[in-house]
Every structure is written in C-alpha cells, then in structure tokens.
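Listed after this line are the structures, all set down as structure tokens.
Same chain, two partners: chain A is paired with chain B first, then with chain C.
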Partner chain A sequence: MTAWSYYIATLTVYFGVNVLSALSLNLQFGFAGVVNFGYIIFQAVGAYIAAVVVLGPSSGTFQQYVFGARLPFGVALLLATAAGAVLSLLIGLFSLRNIRRDYQAAILLIISLIGTQVVQGYVPLFNGSNGITGVPRPLSALPLNLQQYQWAYAGWVLLAAGIVYAVVTWLSRSAWGRALRATRDQEDAAAAIGLNVTALRLQVFVIGGAVAGLSGGLLVEYIGAWSPDAWGYAETFVIFTALFVGGIGNYRGAVLGVLLVPIIFLEVPRFLPQVGYPGLMDSVEWIAIGAAWMLCLYFRPQGIVPERRNRARRGEAAPHAAPVRERVGAA
Partner chain B sequence: MLLVARDVVVAYGGVRAVNGVSVDLAPAASLGLIGPNGAGKSSFLGALGGQVPLTGGSIELEGYEIGDLPAFKRARRGITRTFQMTSEFARMTVFENLITAGHGATGASLRNVVLRRSETRQAERDVATLAWAILDRFEMSHVADLYGAELSGGQRRLVEIMRCLMREPKVLLLDEPMVGVAPHLVEKLITDLRSIRDDGIALVIVEHALEVVQELCSRVVVMALGRPIAAGSFDEVVADPAVQAAYVG
Partner chain C sequence: MLSTLVSAIGFGVVLASIIAVAAMGFTIQFGLTNVLNLSFGAVMTVAAFSAYLANRHGVGGWFGLAVGGVAGAVFTLLLGRGVFKQYARRGAQLFEMMMVTLGLSLIINYAIQAISHNNIYQFVVLPSSLIQLGSILITRTQLIIVFISVGVLVALQLLLQLTKIGKALRAMAADPDLARACGIRTGQIVVLTWLLSGFLCGLAGVVYIVNAQSVGYTTGQLFLPLVVAAAILGGAGSPIGAFVASLIMGVVTEVVAAFGNASYSTVAGFGILVLVLLSRPGTVRGGQAGHTQLTL
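After this line comes the complex of A and B, so read on.
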C-alpha cells in the first residue's frame, strides 16, 4: 500500500510538472505557432538554478556548480522561473527574428543539443554528466511522515499548475491572445494590420520559458537531483506528442494529452511483462510515442479535444469559447 | 498628396524587379497597376506595404518618410493591404478576424491587457461594435462565426478587405482582389470597393482582369520589366502602342 501511495504521489508530481510543460508549449505553439523544439533546456535551466541556490556554496570536491547559495525554496522557485524567462529572452532575441518558422524550430532543436553538450562538457557549470544531487527537500521541517510529505508536495505542484492554467487561459482569451493566433495563422497579414509579429513571438516565448523554468524548479525540489540524462531533447517531443494527441490550441486538450501520453505510454509498459533483451521495452515506449504522434496527425489532426470556436454575440465585447455541438455549414 | 513614392527600386540579388517607379496618390484616389506577368507590380505593392525591402527611392505618407519602416508600423500609420493568396486567419472566426485588426496601434499589447484592464475592456466593446457595423455593411453578418478556412473565395476576399477597414486605413493596397472570386460576385466586390473609395480611402489595385481596372481606377500605371511604360486614364493607356507591344510581347 505504501509503495503504491508513493508511486501514485510521484506520478501526480510528474503529471503536474508535465501539465506546466504542456501549458507552456501550448501557449507558444498552439496559440502563437512558435515551434519550440528546445523546450527542455528552459525546464533544465530552472531545475539547475533552483538546485544550486538552495544547496549552499559549491565545495568543489563532491560536486561543482555556479551560483551556490542557501536561499529559501520559494525564492529558488522564483529564480528558476526568472532563469527560464531570461534564457528564453536571450535565445529568442536571435532565433525568432525574421526567419522562417521551420528554420526557427531547427535552430531551437540545435540549441537544445548544444546545451546538453555544454553542460556535460563544462563540469564547473553544473557538475557535468554526473549532475547535481542532494538538493534538500523544501519544508522538511514540517511534521509529516514521508508519505504525507509526498502527497503534500503533489498537492503543491497541482496548485501551481492550476494557477498557471488560469493565467495562461486568461491571457490566451484576451486581445493579446487573439493577436498571437493571428500571427500563427498568417504572419504577413498580421503585420499588415499593425501587429508586431516579432515582439509578440518574443513575449510568448519568454512567458513560456518562465513556466518551463518553474516546472523544472518544482521537479528538482521533488526528486532532489538533476543531470543531463533528465533533459534529453526527446523529452520535448513527449510533450509535443501529448499536445497533438490532446488537441492543440486549447488547454483542456493539453491536460488530457499529458494524462494520456507521458503517464500512460511511459508508465503502463512498466507493468507489462518484460520480453526480449533488457531495454527492449524502453525502446518500445519511444516507438509507441512516435507512433501515437503520427497516427494522431493522420487520423485526427485536431486532437481529441479540438480548438473551440468562439461564437460572437451582438452587444458582447469579445466572443467566449463555447463548445461546438453542431458543425456550422458553410454559407 | 497622401502618398508619394519616388523612383522606387526593388532588387532581388542582381535582378531589379522594380526599377524606378513613381506614383502620387490623393485621398479617395484609385490607382490601377497593370502589366504582363513579371512586370514587378506585386513587388511594387510590397515595397509600398513594407513586405519587400526598398533598394532605392523613397515613400512618403502624409509627408512622413515610411520607406524604411517595417510593415506593422506602416499599417499603424494607415497603409494596409490584401494579398494575392487570400490571407484570412484560417483558424479564427470571421468576427475574430475583424476584431483582431481593430485595436489600433498598441491596444492589444500585453501591457494593456494586463495593466489597463478597464480601458482594454472598453476598447473590446468599441471594436466589437465597429466589427458588427462593417459585417452588416458588407452583408457578411451571417458568416460571423465561420472559420476563415470555411469560406468561399469571394468571402475570403471580403474578410481580408473588411479586416483592413477595421484599421480605418488611409491607403488600401489590393493585390489581385478578384482572383478566386466567383464571376457573379465580381460585380458586388467592385461595388464594395467603389464605396470604400468613396469613403475617402485611396486604393492601389494590381489586377489582371482589365475590365475591373476599367471600372474602378481613375488612373492607371502600366509596368513592364520593372519600369513604368505608360500612365494615364484607362482608355489612354490601352491605346498606347508601347502598352500593346508589351502585352503582345
């Protein structure tokens, strides 16, 4: 029972973190059309920053890292969020300028690969391939046993995900969110009606990066360690698959996709009988995720929960999202 | 003069697609740009709208040099346009297509949305009112909730044009507005464009269908190989031997 409780609580934490990732990518890709194939490095920078600012100064022997400090975990989360935003700003400033969007996606994927190499190769930065361990648990002073603590943390991550959900939903429904969708659908036409496409993309990239940094901070404070193995470029594609399966351009679809893809595809195989050589089932997981993405693109490109149609009403300021029950026939 | 373009040059690598074209435009003027394929008409329109960088020459709007401004800044100053391939926002409804254009220079900015919430709400109401007025004027209210991608070719053209009107422009650039429009709707679109012009908006129209140019444009510039070869009224330019030679080859 305890083992199950521990397992479910851990899954809940991962679910919350993945929801944050999906919210970030859905804002960037689903609403603004920015294909952030480098997503995982913005989560990683948040995790590293959240880790080093609570670990205390680097001893230089056991593990080496920069920015060593001993700050409260709440401050660490804020710094993780800021780190995701700042890195996004720096990368966005040169990768989002007047370049075709498919090239932007390629650039971001390459930056993600370079990021892993740099952190692995330059050990003084974040302790190289071994990664950083021993990150103290926040609120360990609370009188909770391990199981209670797990669930308290899971609740805290879900609360954070819920708050971010509310904020990004509100932003997406605003006039600003509409401007993002216009740049997504037709860049030149958006500019021709006065929208500053580059600025809008950069804004959404930085907001998404901040959410990514927060998700990394929340995850590292739970698992207590972070290494380059945790943020391979493929992790980005798990979240993209979740978005495509769930439905792009709406946040309920994003949450559903996160429930289905990273949780079911990565967890269910653990309970299947291990067949073939060791590691075969792990490979099958990745094949299943790739296949899910392709099948979804082929058979249901709008995803399980499609983007909602916003119906207009005379006398109302802006149309609200309403479920489409009947298909509106072309007039 | 509202818009003055002088010796506009647009070069792609070593090729001069537009090589020294000048036009003047008064409010409520309608200028037709015609010429055979490859004459540089669309490039010239792009140079006016800011989609194509200017290699040489100058463009002034109300006495203000706009030749080096990006497209969105020109739009904020009053030049907007439609595209040869219709450019409706396909996954937004017709109504959303319109209100997205209606927020003025910075109304939809993140800062206003977050910090000036009551002003933004008021602006949203004003924009919605304007959008309904424009939809009613062009008899498109019944498709307000359709996605751009669900419209016919003619309706897409109208959405593009209505969206431009939401910005209350001074100059409207139209790149082949009749392409993809069903024949029985061409007459309606001409009437609509005439009424827009009568509101005081200057039109610059690139169009292959000469009868449309004849109907709409008080002045016509004929281009061939990047250069203007004739200018005047429609009847004057079609009678010009140089124009006939350019068309026949």
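After this line comes the complex of A and C, so read on.
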C-alpha cells in the first residue's frame, strides 16, 4: 500500500509540473499563437538554477557548476522563475521577429538543440552530461515521515499550479488577453488598430518562460537531480500533444490533456506486461505519442474541449471574432 | 597553425558536402511545396537503414547509394501523397503541415528505434586509403563524397536551367496557379518533386553513414537541424544557395572544432543561422502568411 501511495504522490507531483508546462504553452501557443518548440529549455534553466543555488559552492571535484550558493528553497524557486523569464527575454528578442510561424517554430526547435549541446559540452556550467545531483529536498527538517512528506510536496505543487492557473486565466480574460487573441487571429488587423504585435508576443513569451522556470524549480526540488537527459527536445512535444488532445486555447482542456497524455498515456504502459526486448515499450510509447498527435491534427484539431467563443456581455462592445474555420485552421 | 586551419577547412568541405546533398533535396522540396518537412531526417534514416540492409544482403559497395536513394524517393512520395496531401485536403496550412511532419518524424524515428533494437550498427563500405592533398589528409571515400555532392549540384543546376521539366519546376515554385493556367501538369511536377527530393534525401542518408561508418536510429534526426539551417540560409528552392550555405556551415563548424571546444562546433553552425535571420529577416518574412500556400 505504501508503494502505491508513494507512486500516486509522485504522479501527482508530475501532474502538477506538467499542468504548469501546459498552462505556459497554452498561454503562448493557444492565446498568442507563439509556437515555442524550445519550451523545455526554459524549464531546464529553472531547474538548473534552483538546483545550484541550494547546493552550496561547487567543490569542483564531484560536480562543477556556476552560482553555487545555499539559499532557502523559496528564494531558489523565485530565482528559477526569474531565470526562465530572463532566458525567454533573451531568446524572444531575436526569435519573435516578424517571420513565418513555421520558420519561427523551427528556429526555436534548433535553439532547444543548441541549448542541450551547450550544457553537455561546457561542463563547468551545469556539470555537462552527468548533470547535477544531490539537490536537497526543501524543508526536510519538518516532522513528517517520507509518506507524509511526499503528499505534502504534491499538495505544494498542486497549490502552485492552482495559483498559476488562476493568474493565467485572469490574464487571458483581461484586455491584454483579448489583444493577444487579436494578434493570433488577425495579425495585420491587430497591428492596424495599433497593437504592438511583437511586444505582445515578447510579453507572453516571457510570462510563459517564467512559468516554465518555476515548473523546473518545483520538479528539481522533488527529484533532486537534473541532467540533459531530462530535457530532450522531444519532451516539449509531450506537452504539445497534451494540448492538442485536450484542446488549445482553453485552460481546462490543457489540464485534461495533461491528465490524458503524460500521465495516463505514459504511465499505463508500466502496468502492461513487458513484451519484446527491454526498451521496446519506450519506443512504442513514443510512437503512440506521435500517432495521437497526428490523429488529433487530422480528426479534431480543436481538441476535446474547444475554445469557448467569446460572447459579448451586456454593456460591452462585441469583440470582433475570427470565423471559426480560421480559428480551427490555426490550431 | 596554418596547417591546422587548412586541414580543418578540408574536413569542413567533406562535412559540407554531406550537408549539401541533403540541403539541396530539402530546399527543392521546400521551395516547391512549401512544406517545412521536419520528417526529412527520419526519411534519411530509413534510407540509411535500407542501404545497410542491402549491404548485409550482398549489395556491394557504392550500389548502396542507389538503394538508399530509391528508398528515400519511394518513401517520400508515399508520405507526400498518403499523408501530407490528405492533411492539406482537410485544410492544413503551412504551420499545421509542419506539425504534421513533426508527428510523423516522431513515429518514424521511434519505429526505427524499435525495429533496430536501439543499436548502432557498423557500416563499412570500402576499406579506404588515405590521400594527402597538400596538408590535408583525407580518405578516398571522403574525396568521393565531395565529388558526389558537386556532381549533384551540377546535375540539379542543369536540370533546372536547361530542361523543360526544370523550367516547369521553377515556374511552379514561383507561382503554382499561374503555372497550372499555363498548362503545366502541376500534379506530375509535385510527384516529381517528391521523387527528386526524396532521392537526394536518401542519397544524403547513405553518404552520411558511409562517412560516419555507423548507422543508428538518430542518424538523420541529429543531422536535420544542420540541413534545415542550410536550406533556410541559402534561400528556399535554390540548390546553389543551399550548397554555398552548407559550405559556410561545414567549414565554420570544423574550424571552430579545430581551434576550440569540439562541442561548440555545431553551436557555431547554428549561430550563423541566427545571425542571418537577424541580418536579413526579409528572406523569411511572412507576416501575411496567406500569401504562401502549400502546393501538394
């Protein structure tokens, strides 16, 4: 029973972290149309920063890293969030220029690959391919046994996810969120009425990057280690698949997608009998992710929970909505 | 110092030749159909494994190139007709099509991983002797690769500039509707594009493993960013542009590797792409995405 409880608590932590990722991508992609195929590097930078600022100064022999310090975990999370935002700002400044969306996506994907190579190649930065281990768990002095601690941490991650959920939902409903949707659906028209499209995209990119950094920080404080294997470019597509399955442009769909794809999709195979040689099931999982992705694009590009149409409320001017066909096409 | 530089440039040219074969295939496909095909690397891997299997079954030496090329051509045509066209019929635009190719590449790559048991296989075509060219020391195989790449460039240029088919290809890349109105059989030209670019893709896959002497499921995927970068850098639809861009990227990559940390070499290659995007964003501008349409 304890093993199950442990397992479920771990899954809950992963669920919370993936919900944060999905919220971030949904804000960027679903609401602003920014295709962040390099998402995982923003999570990774948050994780690395959160790890090195609690580990203490680098000894240089066991593992090398920069910024070694012993800060409380809360500060570490804030720094992780800031790191995600700063990296997003740097990358967004040149990648969010007015270029074709498919080019932009390909460039962000290439940046993601570059990021992995830099971290692997330059060992003094974050200990290269071996990664950083031994990150202490926050508040381990609390009088909790392992079981209780697991659940306390799961609750903490869910709380963080809930707060971010509330914030991004509020942001999307604000005038700023409407402006974002306008730039997504009718870029030229949005620019014509005086919206600064590039600035809006940069803002949403940085906010999404901050959430990504936070998710990385929360994850690394739980698992205690972080290496380039944890953030291959393909991880980004797991979250994107979750968005496609759940529905793009609405947050409930994003949460549902996370429940369906990274959790059920990737966890259920653990309980299936292992067939073939070891590692075959891993390949099959990825094939299934790709197949789910393709089928969603083919049959239901709007996802299980489609984006709600904005209706004009009394006393409010009717927002000019793009035709549904175009909206679906953009998904 | 100078000899290091010269030999680094030599290796750069070899690397560039491999990138160039793939990038020329990619750019023709991209220039004509407007599909930013991220499954290109996966097709390279399929072709490479086809050549490997053919080699195991006694198809000797350089015939593997033909096997890989044909495998790439057939597979690309199947994907183009069987997958991309179906999605385009359902209203997929440029961006959705790129997503489709990405999902496809996940499926193909991991299917190969499953079939190949996630192993890396030795692929030694010919025991190759070393050749001294000034201070450059390269193998005979590598020299042949360079000649193959230049040969492909020349053949493509001749095809595009001197033949009727080439004229039709260029006309369609410029304006598919006008081309159709002028009586060009656009459907056939698209099929031809899939076959031609697929052949080059397969050829590149085999050339790559001939040089690397091993093949694994990540073969094409790791190579893809370089190919896409070279094609974008060179301008969509221009084989000579792709060739020159490959040359720049290959040489920079190897020179950086020779004088600095080897792990930065690929980063340097990508750095060029970023610089180009910064300096001439006009080439990849697309605010009015509606103006560029898929041609399938």
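Rule of thumb we're sticking to: the second predicted complex is superposed on the first by the 315 of 331 C-alpha atoms of A that agree within 3 Å, B and C clash if a C-alpha of one lies under 4 Å from a C-alpha of the other, contacts with A are read in each partner's own complex, and residues count from 1 in each chain.
Basically, a contact is a pair of C-beta atoms (placed from the backbone, for glycine too) under 8 Å apart; a residue touches a chain by one contact, two chains touch by 3 or more.
These numbers were taken from a predicted model, which means no experiment stands behind them.
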Which of chain B and chain C A:298 touches, first, second, both or neither: second
Which of chain B and chain C A:120 touches, first, second, both or neither: second
Partner chain in contact with A:75 - chain B first, chain C second, else both or neither: neither
Partner chain(s) touched by A:307 [first = chain B, second = chain C, both, neither]: first
Dominant toucher of chain A (residue count), chain B or chain C: C
Touched partner set for A:179, first chain B, second chain C, both or neither: first
First, second, both or neither for A:142, with chain B first and chain C second: neither
Contacts of A:188 with chain B and chain C, given as first, second, both or neither: both
Touching partner for A:196 - first (chain B), second (chain C), both, neither: first
Contact residues common to both interfaces of chain A (with chain B and with chain C): 188, 328, 330-331
Residues of chain C touching chain A in the complex: 36, 38, 86-87, 90-100, 102-107, 109-111, 113-114, 117-118, 225, 228-229, 232, 261-264, 266-267, 270, 273-274, 277-278, 281, 284-289, 292
Complex interface listing, chain B residues touching chain A: 49-51, 70-72, 75-76, 80-81, 83, 87-93, 95-97, 99-101, 103-105, 107-110, 112-113, 120-121, 123-125, 128, 132, 142-148, 150-152, 155, 160, 163-164, 166-167
Interface residues, chain A side, partner chain B - complex: 171, 174-176, 178-179, 181-182, 184-186, 188-197, 203, 249, 307, 309-312, 314, 316-319, 328, 330-331
Chain C-facing residues of chain A, complex: 35, 94-95, 97-103, 105-107, 109-111, 113-114, 117-118, 120-122, 187-188, 234, 237, 276-277, 279-280, 283-284, 286-287, 289-291, 293-294, 297-298, 301, 325, 328-331
